[in-house]
Amino acid sequence: MSAGTATRSSTRPGGAGRLDPPPRLSGRSRLDRIRARGAWGFAAPALLVVAAVTIFPVVYSIVLSFADVEVGYEGFTIRSFGLGNYAALLQSADWYRALGFTVLYTVVTVFVELVLGMLVALVLERLGATRGWMLALMLIPWSLVTIVNAQLWKYIYDSTYGVATWFFGLFGEAPVILGEPVPAITGLMVADIWKTTPFVAIILLAGLVQISEDHYEAAELDGASTWQTFWRVVLPQLTPTLTIAVLFRILQAFGVFDLPFVLTNGGPGTATQSLAIMGYKVLFQDINIGPGAAIATSTAIIVAAGCLLFLRAFRNQAKGGDA
Amino acid sequence: MAIDRRMFLLGGAGVLLLAGCSTRPERTTVQEWPTDPPEGDVTISWWAGQVASKDGGDLRRRLIAEFQKEHPNIRVRIVSAPSDTDTNRTSLTTQIAAGSSTPDVYLGDVAWPGQFAKNKLATPVNELVGADFFDQFPEGLRQAASVDGTYYMFPLYIDESFFLYRKDLLAKHSLQVPRSWEEVRETAAKLVDTGDVSYGFAFQGDVYEGLTCNVTEFVADAGGSLLNDDLTRPETTSSETKRAFEFMRSLITDGASPRATLTYQEQDTNDAFSGGRAAFLRNWSYAWGIANGPDSQVAGKVGLAARPTFDGQDEHHSTIGGWGNYINPHTQQPAAALTFASWMSSETAQQFLTREGGVLPARSESLTSQDAKRQQRPTYDTAAGITLVPRPTSTAYYPKVSQGVYQNGNSILGGQASVDGGTSTMASAIALALKGEAL
Amino acid sequence: MPRQRVRKGWRKWVNTVNVSGVVIAVLTALPLYWLVSTSLKPASEIGQSPPTAFPQSFTLDNFVVAFRDNALGQYMVNSVIVSVSTTVIVLALSFLAGYALAGRWIRGRTAIMTSLLMLSVFPAIAVLTPLYLLERNLGLLNSYPGLIVPYVAFNLPFAIWIMRNYLVGIPSTIEEASEIDGAGAWRTVLSVILPMAKPGLFTVGVFTFTASWSEFLMALTFNSENSFRTIPVGIALFGTQFTVPFAQIFAASVAATVPIVILVLVFRRSIVSGLTSGAVKG
């Protein structure tokens, strides 16, 4: 629910040291400015830390992506600037394949996790005494070290002694799960979904409980069915929470690295080579700094564009009605 | 509000400045490095993964102890490296490319000199020990350790691949040890038919460097090669190379090797053989110890030979694996680093390795010395008769070349690409890689 | 206050809920069971085909090897120090920042939120080398702050978004009421706002802790010295060039996960009430 009145904030810059502006209807009074200063004081430590640590590497990386970099005794030497790295990307069939796989992976896993997470959150909300145990159980996959999770699933999918292989073998010829493109991609997604659905479920659960009783009662009084209540009452209330969950899941899924790295090393062929894996290979295996930075920067741009579009589509809800 | 914003901007600018000022220590060029061991007490750090001892343990500390008998004033500190070769290299290159002065010496794969030389991540040592220092190593190893005649690596131990077979099954069915690949295919088919094994021949076909090793060997068996001698052009579309790929593919389509070979790395093939499911195995020298070890179900029933070759050829090939010591070009202790690294390749160290190690010593004479004979290990005895064929590691773009080989190789094995199509794509990938334009 | 009692028309949900709960629990637990049972099997049984559901021979060897030969204890200590510090700092900073950005005092708050998001989209691999350079110049390599500071910085954007989302719903009437009472800003924040932000705090706490616990690339690169290595890096040291000792790796991860599991089980009521508290009547 939005806080206070719905007036737009003034766009005129104010600030200490200038003449007091004439009083306006939505005025920035002296009290407002004091509050603003206080608010900045609260926000500054966090923002400073983020800026200090991330801005330099990000800028550095972006700069390198436009450069022809040579590694030498004195470090990185930039031989020239230009769009050569990006041109190479656009001409690389591997890059398009990696992009395609990463987009597919992101869309499918985020969608499935959203649906499953919603179901799990609904179930968790309605559980009574066992809720604590269920929550504890759900937290365990999430708390596994990602590399270990990948090793676990590698062991499960192993073509010789993996449980999954044995299980499918009961129905016919056992597939080599990690050796064929489609099973490998599916296996990857299952491993990710198993680990990450708790993440989505917990975020949604915390959002679910914020919905007050009154809404449910009103819906019941109106004779709404379960499905209608869910669709018309719960979901709209949940949209800000959903937005955050989806946004950050998209971010994480687009950068998927640990699972394909351990499970398939981008194989079979290049079927599971995500953008992050390709970037890792170019940057650290081939020690090709310029193109590696270009892969990273282009990935960031694509995700950023996606997120911005998403935010724009849900603008009002995302800001919590703070339009 | 303004105050906080200013603090904010200042803080950010300050960090940027700090980061920009590179506090790289003064670097002396190799020509100025001392070649004599240092006086006084010195400590250096050695980045190394495990070095197998003959009983399955680790030899690093004992090697250092031996070293200190000769040079008591040099202390060596071990920094354990990640066991996965690639992760190892990633961590190392990040540190050294950023100018870190530690580790002083690092144990690196025999496939790294080409790339490391180009990116100035290792020190050229010709001026420090002289090129003839390396005459004690086999020809293939010398090629691998150097780039255009300049040496970057002090070989510590090499590895060769062997052909292991179930001698009990061969005896049981009165079959001969196969000496050619065609015989392998026949014998494997017969053994599978008897039901004593699930499949015939286990080798590594996953999307990784190990497949490049196998491909190099099969291609050499067929009389071809992946690149020309100068490493300037791919030769994967030659008829010899295609023959090798045809054969590898037929192993899977005929059932001599399981389809799971597409995901097999060394450990999986060992499990298949030591678990009694496969009759033949191609793997590195350590596989001998595992096959006869306590966890193996075929202990004592195993024979070892050089890898077979194709009908009509007479050389038995193995690619060159192994590890050696490189010197960090930014080290602050060049004299100590050089002493340690070169000591590891000296006769004393190599003989110690022969006696106590579970690996093959790099020094040619050590491999055929009395110490080696006394160990009575078939790997030592057989190694002498094997022709070593190096992977094309001397090119600066080797990782990319290898990637072109193993990605397309895996596609050919799995049937996603035909032999003609796959080798042709491989040639394009390699050509692009050699130009430095591959992504 | 359990809702089931109030909604009579939802009774049919209860059965579905319980059944679903069981299904979810089983699906979640199966791979975990596999993790634990594999860690108790000896190496020879790991490579058996078909795989055995129950360990045929129980052994604790894997755990022994993990702790004794591979210094897992030291790695766990390092991981705990780094993760707990990161979580505490992130909680504090994100709460304050989330609160500040939830209100309408800061102009350009949308821009700030968007920038935070944009900074998060950068893949970790790209920032690795420049961060390494930065830390080397500042002498932060092979230290606890060397990991804590980047972890805090990379977890803050998400944390701030979450916190802000919960705090946005707090009507200003509560704040004004508190101020009229003469309470200072700090009092308001700590005694009134903080309890309302519990779901956010718990969510952020859980996620930040697990993210720091699992982080691999930065820990590998910055803290290469044995005494400062964390668990994920320690696990990467297991085995040799050609072996991946699944049993030992799983034993190590079971050992690394057990403390978290115990904590979560012991505090499950608080976690639940924390996550589900603070419904804002609107």
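Letters A, B and C mark the chains as written, and numbering starts fresh at 1 in each.
Convention: contacts are C-beta pairs under 8 Å (C-beta built on N, C-alpha and C of every residue); 3 or more make two chains touch, one makes a residue touch a chain.
What you are looking at is a predicted structure, and each value in this text was computed from that prediction instead of being measured.
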Exercise for the section: Counting only chain pairs that touch, give me the topology of the graph as line, ring, star, complete or other. Expected result: complete
Exercise for the section: Would you indicate which pair of chains has the most C-beta pairs in contact? Expected result: A-C
Completion exercise
chain B and chain C have mean C-alpha positions lying a whole-number Å distance apart equal to 38
Handout entry: Averaged-CA centre spacing for the pair chain C and chain A, given as whole angstrom
Key = 15
Problem - For chain B, residues that touch 2 or more chains besides their own - result: 15, 19, 22, 90, 94, 97-99, 271, 277
Handout entry: Numbers and ranges of chain C residues touching at least 2 other chains
Key = 47-49, 129-130, 134, 236, 244
Exercise for the section: Identify all positions of chain A at which a residue touches two or more other chains, and write them in rising order. Expected result: 36, 40-41, 47, 52-53, 55-56, 60, 160-161, 280, 284
Problem - chain C-facing residues of chain B, complex - result: 15, 18-19, 21-23, 49-50, 52, 79-85, 87, 90-91, 94-95, 97-100, 265-267, 270-271, 274-275, 277, 284, 286, 294-295
Completion exercise
Counting only contacts in the complex, chain C reaches chain B at residues 43-44, 47-49, 128-130, 132-134, 136-138, 220-221, 224-226, 233, 236-244
Exercise for the section: Using the touch definition up top, name the residues of chain B that touch chain A in the complex. Expected result: 1-5, 7-8, 11-12, 15-16, 19, 22, 24, 27, 86, 89-90, 93-94, 97-99, 115, 119-121, 206-208, 258-260, 262-264, 268, 271-272, 277, 329-330, 397, 399-400, 403, 407-408, 410-411, 414, 416, 437-439
Exercise for the section: Going by the contact rule at the top, pick out the chain A residues touching chain B in the complex. Expected result: 14-17, 33, 36-37, 40-41, 44, 47-48, 51-53, 55-56, 59-60, 71-76, 88-89, 92, 94-95, 158-161, 176, 178-181, 264-270, 278, 280-282, 284-288, 291, 295
Practice task
Using the touch rule from the top, collect the residues of chain A that touch chain C in their complex.
Solution key: 1-4, 9, 11, 13, 32, 35-36, 38-43, 45-47, 49-50, 52-58, 60-61, 119-120, 122-123, 125-128, 130-148, 151-153, 155-156, 160-163, 166, 169, 194, 198-199, 202-203, 205-206, 209-214, 216-217, 220, 226, 240-241, 244, 247-248, 251, 254-255, 257-258, 275-276, 279-280, 283-284, 289, 292-293, 296-297, 299-300, 303-304, 307-308, 311, 319-320, 322
